[in-house]
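Before anything else, here is the set of structures, which you'll find just below.
Two complexes are shown next, each including chain A; its partner changes from chain B in the first to chain C in the second.
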Partner chain A sequence: MDENYSVSPTFKFIILGIVFVGIITIGLGLYINPEKTWANFLLSNYYFISIIVGATFFLAIQYITQSGWSAMFIRIPHAIGMYMPVAAITILFLIFGMHSIYHWSIPGVAEHSPEIEHKSPYLNIPFFFIRLVIIFALWILMTWLLRKTSLKEDHESNLKYFYKSEYYSKIYIFILAITFSLLTFDLIMSIDVYWFSTVFAVKNFVSGFYHAVSVITLIVILLNRNGYFRDLNKTHLRYFSRYIFILGIIWAYLWFIQYLLIWFANIQEETIYYVIRTEGKWKTFFFLNIILNWAIPFSILLPARTNANKLVLIFISIILIIGHWVDLYLQIMPGSVGEFNIGYIEIGVFAGFSGLFIFIVSRALGRIPLIPKNHPYLGESINLH
Partner chain B sequence: MNTAILGIYEDEDLMISALKRIRDEKMEISEVFTPYPVHEVFKILKRKTRLPLATFLFSSLGAILTYLFLYWASVLSYPLIFGGKPLHSIPSFILISFVMMIFFGVFLSVIAFLVRSKLYPGKKVKIHDLRITDNAFVILIDKKPEMSSDDIKLLNSILKEHGAIEVLEK
Partner chain C sequence: MYNTEIRGPLITGDKTFHQVTEDICHPIDRKPGYWWYFVLLLCLGALVYGSWALKITVKDGIGSWGLNNSVSWGWGIINFVWWIGIGHAGTAFSIFLLILEQKWRTSINRAAELMTVVAVICAVHFPILHIGRLWDGFFIFPYPNTRGPLWLNFNSPLFWDVIAIFAYFVASSLFWYVGMIPDLATIRDRTTSKIKKAIYGFFSFGWVGSSQDWLRLETLNWLIGGLIAALVVSVHSIVALDFATSILPGWHSTIFPPYFVVGAILSGFAMVITLMIIIRKIYKLNDYITDSHLNAICKILIFISLIMGTAYATEIFIAWYSDNEYEMFTFFHNRVTGDYNKAFWVMILSNAILPQLFWFKKIRKNLTIVFIISICINIGMWFERYVIVVTSLTKDFFPSNWTDYSPTGVEVGLFVGTFGFFILCILLFFRYLPMISIHEVKGVLKYKINK
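Entry: the complex of A and B
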């Protein structure tokens, strides 16, 4: 039961190689095309921030609802949460690339535009970074508290740790609701500084939760194929696929209401956001986004025959991992780079960041016991039928 | 004359263990009553339902019919431009199709369920025990002419063994 995940040296070597490739791409890209590199830097950073937020939110939800089925797997979101400090450090490098991404951050712009002038008490570089630091400090603190409580539970069988985790989870989701909204406004929505949407924060939050669950599912299945989680059965897989299925519907719902309201109201500064994205080369990605993030998962996970199959779930998870990238590419690039062009910078930067993410998370999984020992619902989770 | 044996349980897991045991004895279970759906029961009784498929088909039918109707109404029959939108404006059609999809799916499924299980208003139903309609998990086994009294005794003891709060013969 108390087996630890061990990272094989070859795997570690390959992953570090990918991280190295990413660093070289960023270096080269900053020399050749800094604007595009910074936009991709933001994309990859935000991608994994939303995955961490979604995964830790999943964890908090399991504690708050006192779910039994997932007790075995809670160490995976804990491990993903350990990427948070790294994400906090990498996002702060954005201070060097603000002008390439955010139109409002260029000095002197506010004098010519009353809209930016009006927003400037909130959208200015010092306050932007103060917010980032506060938000990440809160998140690191909360994920650390949750992890510490869960690890303490391993050494001492006592229900008080479970209640403590639940208590921290409640505080954490309260903090997330406010801070993640501000983070998406700052990092993504302020790229298109004249545009705004009231469901934007919820949409991105659900998107992060959705894709984080698919990442957790992928990790669980891959670990199971390598001989861990031997008690994984069809019902666990079915619950995971239900999470993905339901969140897919919510994602599509939020995507659609944002589109529908803007389309219906037809206000110039709002519709321009979608006009750009449904024309020219962006159009392919616009439809690809819906197909990857909703149509494929929805239609494949709908029949009961396919939704507890490991290979199907691996396929869906990979589709969603690509889909999240497509979704963010479509949100970030038109406003910052302005032209559709996928080249070595896109692939290299994202590969580098995913390598870093895999490296940190796999190392974290090796350092904490994979299955919690004294979780009160562990028996229910293992004997789930 | 008693026609059925009823095992009344208050716990889902106890009932399922009894069901498994009866299945292993190769006796036929006629009916299981539960306060909420228990998937395990489906598996043990090897029952199959096509109701989800029916719901899917009804919903698809509803969505397609509604879309065609909207197209007919706003493009063919009464082409009136309003709000600067094209006659065939897909996003607004999707919304109504979606709502009507739910409407068709829900209502026709309920009707299909009633028809399939031969239920209609005013039908006389034999309720073996009032707890069936309440919180109890009940296993019902019809007595057949070929059943010997030993079989019935065995059934009684199995049901009791697995924690039935009461075993009735009715």
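Entry: the complex of A and C
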């Protein structure tokens, strides 16, 4: 049971190669088309931040609902959480690219626009980064505490650690509720500086949770195919797919609600957001977004025949990993770059960041025991039927 | 392998299967105490007041309410949304815990589902009465008619409401009833009175408890459960759309649907816990509704109230962020300060702040405080709807439209009447139906501590 994941050198080499490609692309991109590069830089950063937040939220939810089935897999969200400090560092590089993405950050803009002037006590570069630093400090602290407590439990069988984890989970959720909203408003919503929607942060939070669960599922299945998690059975898979299925419905619900209310009320300053996104080349992505993030997972995971199949779940997870990117592309690009154009920058930057993510997470998985010991629900999880 | 050591016991007192039946059927077998008749009398009083208000409303029309041109929705819609909210959680509770396989739902789901069905009936009174010409009420249903091209407006959220609530009512009463069939059969089999046997026999649909019966029951339960899980969300979302599709500041907000759903779950769970504490106290069912059950609901309340608090904060923040003078006025001059600020602060205090006291174990353990907080949440949720409806309507874009609003005795009467009806139904439920699901409790009876 106490098996450790080991990263093969070839795998490491390939991943580092991808990271290298990413760095090259960013360097080249900054020279050729800095605006687009910074927008993609933001996209990839936010992508993985929301995955980490979603994965650690998944962990916290398991603790507070006293779910037993998932006890075996908690090390995966822990490992994903280890990417948090890296994400915190990379996001700070944004300070060099603020003007390329955020219209409000350009000096002098506020004088010509009363709306931006009004927002300037909140939307200004120093305060923006102060918020980022505080938010990340809190997140890093909480994920570290959660991980540390769980690792201590491995060495000493004591329920005290379980209660501690539960307590930290509550605090983490409490912090997340407010901080993730602010982060999303700052990083994404303020790109379209005149536009606002109250459900925006909720929607992106659910989106992060949704896609993080699919990433966790993918990692579990891939590890299982490589000989780890030998106790993985159909019921576990069914529970994972149930999570994905339900979250998919909630994602679609929130997406629809935001669209419907803006379309229905037809207030100019709000509809402009969707007018741009349903015209021209953006239109393809507008529909692709719904197809990838809702229609495909919903229709495939609905029948009991398919929803506990490893290959199907791998397929769905990959679809969702692409879907999350499409969703974010549609949120970020129209307001910052302004034109639909997918080229080597998009692919290179995202590949680089995914490489970094995979590298950090796989290294983290190798460092901590893959299956927790002494977790009170471990027996329940292994013998799930 | 259900570990009850950490989660807390599901049923205490080392019951045998027979004892479970005895304990739960006890109130049905015997005559109720004096308190039952006393409360019944109170309910009938409330119903008399309600019927008077009903008569005036139907006879004299909506003019007997305190509404005016600006405030065209008052207590009617507030109470409607409030009742729907309460009606929401019973099923939300039952379904989500069923789907998430939380075993502790078994002792609570029956009463919670009843609460849903009754609260929805209470709720639909208000829009039906607000139609005014009650005799034309069937116009809200889309059917081929002799009125020529005059169909109802399919674009109207009010019409979606009719559909959503109707579907929700049918599905949740079905769910409640189907789950009760084996228990009705149990009562049928153990009663000695012939009349009772005939009545319970009829309503248990000839249940014999064969494995095929059970298989069908469970399949049906899962099927309806899956469907209702979606309905739970849709019904209150559509109630929220009644407001949010408008362009009125304070109503037009994209967060409204999820925020209404969560708010409904908050008020409903608060009502569930109120009801559970009462049942536990009166019928001494401590072994079934254990401390750990109430503890778990309290923890859920913390979480939901946290979401509510975040939603309030988001609304206020975005009102400022939008730099829209009407939004700013509604939130900062009309709600946070201004004529209705008391209602606003009652709402904040009892929905977002008081439930946070449940972080402390001592408070969760003290049932008196839990009871008081649960009542406060219900009052707070009522005020939330009051804040939304009244502040936005009394002061809209034109200062010349600004008016005040206060309800008349007729509106109050209708609300009191629905209360009477709600409590009456619960009393009858206590008296004639098993208030805890016997067969589901038996299903979890043997989960014992194992290391």
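The rule is simple: the second predicted complex is superposed on the first by the 385 of 385 C-alpha atoms of A that agree within 3 Å, B and C clash if a C-alpha of one lies under 4 Å from a C-alpha of the other, contacts with A are read in each partner's own complex, and residues count from 1 in each chain.
Basically, a contact is a pair of C-beta atoms (placed from the backbone, for glycine too) under 8 Å apart; a residue touches a chain by one contact, two chains touch by 3 or more.
Only a predicted model underlies this, so the values are computations on that prediction, with no experimental measurement involved.
*Asks:* Once chain A from each complex is brought into register, does chain C clash with chain B or fit beside it?
*Replies:* Once chain A is superposed (C-alpha atoms), there is a clash between chain B and chain C.
*Asks:* In the superposed arrangement, does A:Phe264 touch chain B (first), chain C (second), both or neither?
*Replies:* A:Phe264 contacts both chain B and chain C.
*Asks:* Of the two partner chains, chain B (first) and chain C (second), which one does A:Val199 touch, if any: first, second, both, or neither?
*Replies:* Only chain C; A:Val199 stays clear of chain B.
*Asks:* Looking only at chain A, is it chain B or chain C that touches more of its residues?
*Replies:* On the superposition, C touches more of the residues of chain A.
*Asks:* After the superposition on A, what does A:Ala304 contact: first (chain B), second (chain C), both or neither?
*Replies:* After superposition on chain A, A:Ala304 lies in contact with chain B alone.
*Asks:* Looking at the overlay, what does A:Pro114 touch: chain B (first), chain C (second), both, or neither?
*Replies:* second
*Asks:* Could you look at A:Ile64 and tell me whether it touches chain B, chain C, both or neither (first, second, both, neither)?
*Replies:* Once the two structures are laid over each other on A, A:Ile64 reaches chain C alone.
*Asks:* Between 61-69, 79-87, 133-141 or 151-159, work out which stretch of chain B sticks into chain C after superposition.
*Replies:* 133-141
*Asks:* Take the contacts of chain A with chain B and those with chain C, and give the residues found in both.
*Replies:* On chain A, the overlap between the chain B and chain C contacts is residues 260, 264.
*Asks:* State the interface residues of chain C toward chain A in the complex, per the touch definition above.
*Replies:* 1-3, 5-7, 99-100, 102, 229-230, 233, 237, 241, 244-247, 252-258, 299, 302-303, 306-307, 309-311, 313-315, 317-318, 321-323, 359
*Asks:* Would you pull the chain B residues touching chain A in the complex into a rising list?
*Replies:* Those in contact with chain A are residues 40, 52, 56, 83-84, 91-92, 94-95.
*Asks:* Can you name the residues of chain A that touch chain B in the complex?
*Replies:* Against chain B, the touching part of chain A is residues 256, 259-260, 263-264, 266, 302, 304, 385.
*Asks:* Which chain A residues qualify as touching chain C in the complex?
*Replies:* 64-68, 114-115, 118-119, 122, 159, 162, 170, 173-174, 177-178, 181, 185, 196-202, 242, 246, 249-250, 253-254, 257-258, 260-262, 264-265, 267, 376-377, 379-380, 383-384
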